[in-house]
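Next, two complexes with chain A in common: one pairs it with chain B, the other with chain C.
Right after this comes the complex of A and B.
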């Protein structure tokens, strides 16, 4: 077996022993690799599982992906509870500590800038679904003529187009309203219903970077939007570690 | 920065989550695969050269399909 290091997050100001209660994969202890004022949070992994040969296969295995994602998130949250944290993308693997340190040194200033952007801020997610509409209640009138029938078909098609446009308009308006209390916002791709298990149509999937002192205001805005639109389902989730916003401007 | 455990509903709607109040996997993957700092790995692999979104969709849809084949309920067969 050969070993590698899995990099969870880069942090600044992580106190000694802060992660003693958390373990990485397979109960491995978390270790810190230091580069100047930054700490990389890593744990040892077996390359028979996380190496180049195994990953393509393992990434096809939903249970493996879930296990890795939940462990990753748990460690990142633990880091973020104690320090400024820039989470890494899932499955970032190095050969050894020197490899981690070299990479940290190389992008040190970009990492510092990313940490500066998220300090004192948390990520919130807002998903908005269109509540399934009631089927048209009125029975179709008996058609007096073919022309009347065609006219009704045209009107129905127009109504559907209008409804779609309204949904887009509503999603944009929601996003703008939610962005008011934020310092950054991103629109994520709508979730695949096969993965989410939701049959309602997702009309918005947004991520918002909210200063801690405005978190209440942000939540109030989301709540108000939800209660003012009975035709929509508004789901608020957070605070998350700043996954969507701790990004490097340059690479 | 302080991050607490994710709040559940805050007066809007209960957040869709899995059994035991876990964060839904699909919400996690929105963040763990699509975003986060992307650093090039060392001599090993970083997936930097792999389109991870493609990997994700391929992996998950394949898995979901195989689970459907095994008779598990996935929830996309609701005809509303």
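Right after this comes the complex of A and C.
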């Protein structure tokens, strides 16, 4: 059995011992690999599970992916509680500390720039769903003819299309309103209902980078927008570590 | 369709911000976690060369949830079995067609179709 190091996040200003109560995979302690002013947060992993041979298989196992994803997020959150944090993509793995340090040195300036962009800011998510179950149409009278029936069907379809367009227009307006208190915003792909378990149609999935001093304002805006539209469900989620905004400008 | 959500327009899951960021437990929804840890986050080369292609593939698969039905049920992901949205959507047109023809037959016996 050989070991590797799983890299969760790169941080700046992480106090000594801040992560002593947090563990990585299989109860392994978290370790810091330093490169100048940056700290890489890693934990030891077994390459029989996280190595090149095993990963393609394990990544097909949604239960394994869920466990790794949740652990990854827990550790990233713990780092972000104590320091500026740039989260890494899932399963970024090195052979040893030298490997981590080499990579950190190589992209040091880009990581510093990425951390600069998210310092003092948090990521918030806003999902907007079209509320299902609009009042059912009054029962139609029995049509005198098939033509009248078809006409009614066409009108219903047109009404649905119009309603869809209105809802999408509202989602765009909402995104613009939310962006007011942010320094950056991204529209994410709508989630597949089979994974999210939500039946309602997701009409907007936005990520917002909000300065901490404007977080209250941002939340109030989201709440106001939600309460002004009873036909929509507006869900605010956050703060997240800056997954969607701590990005490298170059390679 | 069931709607188990809270009846308010907005459901804020964040703590008041004066309690400090990230002190809240992570969301329970796997989609919310995967959307970020699998799809976002910084990509830098690791020593273990698996990442990108496999993860791109996986992301697509998870988005489409192309896990075997057995595995999905084992994980409790089986709600779509009884969800008309999923079972019926593809059949919508066919059903509507059938329905239309049936209605025409009922309404205008013997008169043939005046519109199709």
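Throughout what follows, the second predicted complex is superposed on the first by the 234 of 251 C-alpha atoms of A that agree within 3 Å, B and C clash if a C-alpha of one lies under 4 Å from a C-alpha of the other, contacts with A are read in each partner's own complex, and residues count from 1 in each chain.
By definition in this document, a contact is a pair of C-beta atoms (placed from the backbone, for glycine too) under 8 Å apart; a residue touches a chain by one contact, two chains touch by 3 or more.
Just so you know, these numbers come straight off a predicted model, no measurement behind them.
In this overlay on chain A, chain B clashes with chain C.
Once the two complexes are laid over each other on the shared chain, residue contacts for A:243 go to chain B and to chain C alike.
Of the two partner chains placed by the overlay, only chain C lies in contact with A:229; chain B stays clear of it.
Of the two partner chains placed by the overlay, chain B and chain C both lie in contact with A:62.
Contacts of A:145 after superposition on the shared chain: chain C is touched, whereas chain B is not. Judged by the touch definition given at the top, the superposed model places A:212 against both chain B and chain C.
In the overlay built on the shared chain, the residue A:191 is in contact with chain B and with chain C.
Contacts of chain A with chain B, set against its contacts with chain C after fitting on chain A, overlap at residues 4, 7, 10, 47, 51-52, 55-56, 59-63, 65-66, 69-70, 72-73, 77, 80-81, 86-95, 99, 103, 107, 111, 114, 122, 125, 132, 188-189, 191-197, 199-200, 212, 219, 222-223, 226-227, 233-241, 243-244, 246-248.
Those residues of chain B that touch chain A in the shared complex are 1-7, 9-16, 22-47, 52, 55-64, 67, 74-76, 78, 80. On the chain A side of its complex with chain B, the touching residues are 4, 7, 10, 47, 51-52, 55-56, 59-63, 65-66, 69-70, 72-73, 77, 80-81, 83-96, 99-100, 102-103, 107, 111, 114, 118-123, 125, 127, 132, 186, 188-189, 191-200, 205, 207, 212, 219, 222-223, 226-227, 233-248, 251. Every residue of chain C that touches chain A in the complex is listed here, in rising order: 1-3, 5, 8-14, 17, 20-23, 26-27, 29-51, 54-55, 58, 61-65, 67, 71-72, 75, 77, 79-80, 83, 85-86, 96, 100, 103-104, 107-108, 113-115.
By the touch criterion given at the top, residues 4, 7, 10, 47, 50-52, 55-56, 59-63, 65-66, 69-70, 72-74, 76-78, 80-81, 86-95, 99, 103, 107, 111, 114, 122, 124-125, 131-133, 143-147, 149-150, 153, 188-189, 191-197, 199-200, 212, 215-216, 219, 222-223, 225-230, 232-241, 243-244, 246-248 of chain A touch chain C in their complex.
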